[in-house]
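Both complexes below contain chain A, partnered by chain B and then by chain C.
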Partner chain A sequence: MTNPKIITKVNSVMHQGFEIPLEKLTPEATLFTDLGLDSLDAVDMLVHLEENIGIKVDGEKLMSVRTLQDVYTLVDELSSQPGVEAKLEH
Partner chain B sequence: MKTKVFVTGMGALSSLGNTVESIFQALLQNQSGIQSFPEWKNYQGLHTHLGAPVPAYDISKIPRSARRTMSRMSEMAVLATLDALNQAQFTLQEKKYSPRIALCLGSTTGSPDSMEAHFKKLFEKGGPEGQLGTTFFKCMSHSVVSNVASALGFYGTAISPSSACATSAQAMIMGWELMQTGLYDIVIAGGADELHYTGAAVFDIVMAASRGYNDRPDLSPRPFDLKRDGLVISEGAAVVVLETEESCKRRKAIPLAEFKGGAYSCDGTHMSQSQKSSMVETIRESLDRTQLSPADIHYVNAHATATLYGDQEEAKAIGEVFGSRTPVSSLKGHFGHSLAACGALEVIACIKMIESQTLIRTRNLVEIDPECASVLHLKEHLSMPVHTVLSNNFAFGGINSSLILSKSS
Partner chain C sequence: MSGSSRFDVVIIGSGMASLTSAALLSKKGFSVCVLEQYSKVGGYLHCFSRFGHRFDTGAHYTGAMGPGQPFHTLLRYLEAYDESLFVPLDPEGFDVFRFPDFEFQLPKGYEKTIERLTKFFPSEREAIRTYFERVKAVVKLFPTYEFTDDALDPVQLIAATETSLATVVEKLTQSRSLRAILYSHCTLHGVMPQEISFGLHAIMVDSLIRGPYGFAKGGDALAQKMVAVIQKNGGTVLTKKKVTRIETMNKIAQAVHTDSGDRYEAKWIVSGCHPKATFRMVDDPGIFSPAFRQRLHTLKETIGIFGIYATHQAPPQFDRLKNYYYFESAEPEKMLDLNRKSDAKPGLAFICPSERIAKSTGTQTLPISIHAACSVEWYKPWIGTAWNKRPHEYHAAKNAYANQIFDFLDQFHPQLKTRIDHFETSTPLSNLYFNGSEEGSAYGIYHSIQNTGARALGPRTHIPNLLITGQNTLFPGILGAAVSALRSAGHICGIKPILKELKELAQ
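The block that comes next holds the complex of A and B.
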């Protein structure tokens, strides 16, 4: 079960950064097909996640990300990094 | 026999408005687009606090997937291009290879706003950490033409001329030259730039920006005026659809004016000081190329940005070629200096002047500088028969350009 604060924060990044309607942000939605992103957007998504949540992501991790749930899971795995918890609270 | 070229569409965003009609109405009403930017006082060493921003515009026509790589200059260029194509009643066939159509759009540099953000973060982080993947596409020198092509799905020749203040003038003349080869039917030409304090600083550093009217933006710039003290930087985009006579006939397009032709040169003499002699030669070359004489020109639209040196050199050059009986005005007192956009913006204004048979005055020209007095200045609008006009644009680097438009027969 993913921390709901992570879901809220990731969805906010996807909505504000990529103008994706909130109703389309479901865990099973695929980034490239359902949400209309491409590889250039994926790079920017990482930067937005780093800025908004405070995680440091190895770019190669992107290769295994397919759905929005994969993004939630990736952020969840990295949420013990310093400063992340404080950012999730805001 | 030269290939006849016509303007069949126009689109522009400027400090005076976001449509060609609203811009020309503002010119007729002698309005100013200049504003004070008191916050620029915070930039150490910057003396000019004047600029001319484009009013808020609607970007909803541009999908996010295209907009993500655009700064303001590309957004404005897309909107101007859409307006121009709409007026020309011409639809680009999306992603269909169109080798007889060229997109020729440029800017002075890539986005200064994006470059500042990029380098600020680069220096803060000590490396590229945290840089967005889309930023470079706003900064690259051919950002405008690439973004317009991408937004419209245009697949054909794309060229990005860049010669600062002469950019869009060169784009249009180059478009006319391309059509003389017989290889192109349509060239969509123009330019765009965005307002940023670093652009103002470029001119401020070399003492070419207005700094004495920071609290009275309506009084500056003052082309050809004795009390002028430099240019005011602006922004905008201006695009025209240039089309061969044969293509016009085939498409039943309505010509707005004939683009008679033009000439450009680099005098190789001085980076920042325009030279009267090379201006004269460029004007004469444009007349030669179009087989016209000075007497055929009813009005000269001057580049005149209100710099001390540039205005007097241009006035003397125009006087030498045309004498003192051809009306002359500059529109920089209304718009400010929109850099890469100004050539096409002024061509559009000239076409509207021909259409309305009304010549627009030079704003803020009250007392003519004796050093600029060799021509017939327009201190008021003038209604008169206008058939053929010449427009000048000059740029840092010794760049000169002159082009000629005529009422379409």
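The block that comes next holds the complex of A and C.
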């Protein structure tokens, strides 16, 4: 079960960063088909998540991300990194 | 005069990456048009004449230029190689690293380098050999440097680009002096050892150790040779054409517009300008997501460079075929003064003879370029003023810093200033004026791990037929720019057959 704070934060970052309507941001939504991102957007997303949530992601991890749930899971796994907790509150 | 022309590819800027893109695409049958804002082509290849001598501005030396090596092969492939343009630097010691208490001269060739370093640091034999073995191994992962189109392991490549130079070196050796020597070349990309990708640093080191060459007739001569190739291939190269707008329709680039009112229509646009400058020219900013705009906005720039172009009296203290690096400290944490903002005292300097070949035999005056890190912030009041119309205060600020650089160098070359007949100086504002460099930065985007590999900008952009090229997209230097062009142009004409042809040519 993903921490709800993470879901809210990731959704907010996706909404603000890519102007995707909040109702489209469901766990099963695929980044490329449902959310209309492309491979360049995926890199922007990675950097945007890192900037806004304070996580550091290994580039190779991005290769296995397909759905928004995969993003939640990835952020969840990395949320114990220093400083992340504080950013999740804002 | 205004008008409209149509080309397959319009290339913005005429630095090394733009010229390489144009030469490659025109060779492949594309109609190309290069648009340069300044009155001369070349970007960082520019030279200028003062006091009866030629001075290079950005292109001081290069690597991988030995027969069969990547840069040499690429120029041969483009039919732009001319032996008379290059001069091999001193194989016994082409780079001289000087610290307050010791000096190390880097020779050409891996074995000689390992042997010399081992003599210096006998107890570090294993560390030294392992370091250079890792450099040699990691460069093989970069297809556009090693010209391999074999399937690469992306995980291995990502690991190589996301590991820092310091991470590799600190695991290998505790010797602080050895670390200092291995970090000296960070001066050439302007990124701290803790932040530069080991892979990128390794390409720079590998290219220099294998094939260090200077420009026999200055960087200008290489730019001119490239222009001749482009024109022979049917391409067009125009100067004094400053692109001010990239016209788009439905998120596709249609044409570029210049300040003189000309419109150049193209199927593809390749920009050698800084990415921030390139995207500012796009007429519809709505193409870019807020996430991308924020990412671009937060990208840090490398330091600016202050230049002193001087004539040094005979007999010279410098060898024409060597480059000299000076560090105020041999402490790995203190030696690289690259993130400075306010402290006006220089902590490192680079000296490079500008004319690698003497005009005639006998002892004579030697033109040298002296460079030191500086911040554009120091010259902020004069941003936007014309290059040759700046007030007395600007020149006074320049002279003050030039004197501090001479004072810093005094510990290595006592009385250096008294042996200088004439000198002229440049600041990041000169770079801003002549090259449109963002914030006057010397090496463009700060190529930290955060901006490298999967996270690097370009060559593709959010506009499918707009590509970016140059040092900002890969790594700094003439070689980095040329290799980046291979990727950008390769995106248009297909990279795999080119890599195959290059590989065959290299053998």
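What we mean here is this: the second predicted complex is superposed on the first by the 90 of 90 C-alpha atoms of A that agree within 3 Å, B and C clash if a C-alpha of one lies under 4 Å from a C-alpha of the other, contacts with A are read in each partner's own complex, and residues count from 1 in each chain.
Note that contacts are C-beta pairs under 8 Å (C-beta built on N, C-alpha and C of every residue); 3 or more make two chains touch, one makes a residue touch a chain.
None of the values given here were measured: they were computed from a predicted structure.
Colleague: With the two complexes superposed on chain A, say which partner A:Glu51 touches: chain B (first), chain C (second), both, or neither.
Modeller: both
Colleague: One more residue to check, A:Met63. First (chain B), second (chain C), both or neither?
Modeller: Touch status of A:Met63: second partner only.
Colleague: Now for A:Gln16: first (chain B), second (chain C), both, or neither, which partner does it touch?
Modeller: second
Colleague: Just checking: does A:Glu28 make contact with chain B only, chain C only, both, or neither of them? Give me first, second, both or neither.
Modeller: Neither chain B nor chain C is touched by A:Glu28.
Colleague: If you stack the two complexes on chain A, which partner ends up touching A:Glu89: first (chain B), second (chain C), both, or neither?
Modeller: neither
Colleague: Check the residue A:Val43 against both partner chains and state whether it touches chain B (first), chain C (second), both, or neither.
Modeller: both
Colleague: Share the list of chain A residues that count as touching for chain B in one structure and for chain C in the other.
Modeller: The overlap between the chain B and chain C interfaces on chain A comprises residues 18-19, 40-41, 43-44, 47, 50-51.
Colleague: Can you name the residues of chain A that touch chain C in the complex?
Modeller: 16-19, 40-41, 43-48, 50-51, 58-60, 62-63
Colleague: What does chain B use to touch chain A in their complex?
Modeller: My answer: residues 64-65, 68, 130-134.
Colleague: Touching chain B in the complex: which residues of chain A?
Modeller: 18-19, 36, 38, 40-41, 43-44, 47, 50-51
Colleague: Which residues of chain C touch chain A in the complex?
Modeller: The contact residues of chain C facing chain A are 154-155, 158-159, 161-162, 289-292, 294-295, 298, 450, 453-455, 460-462.
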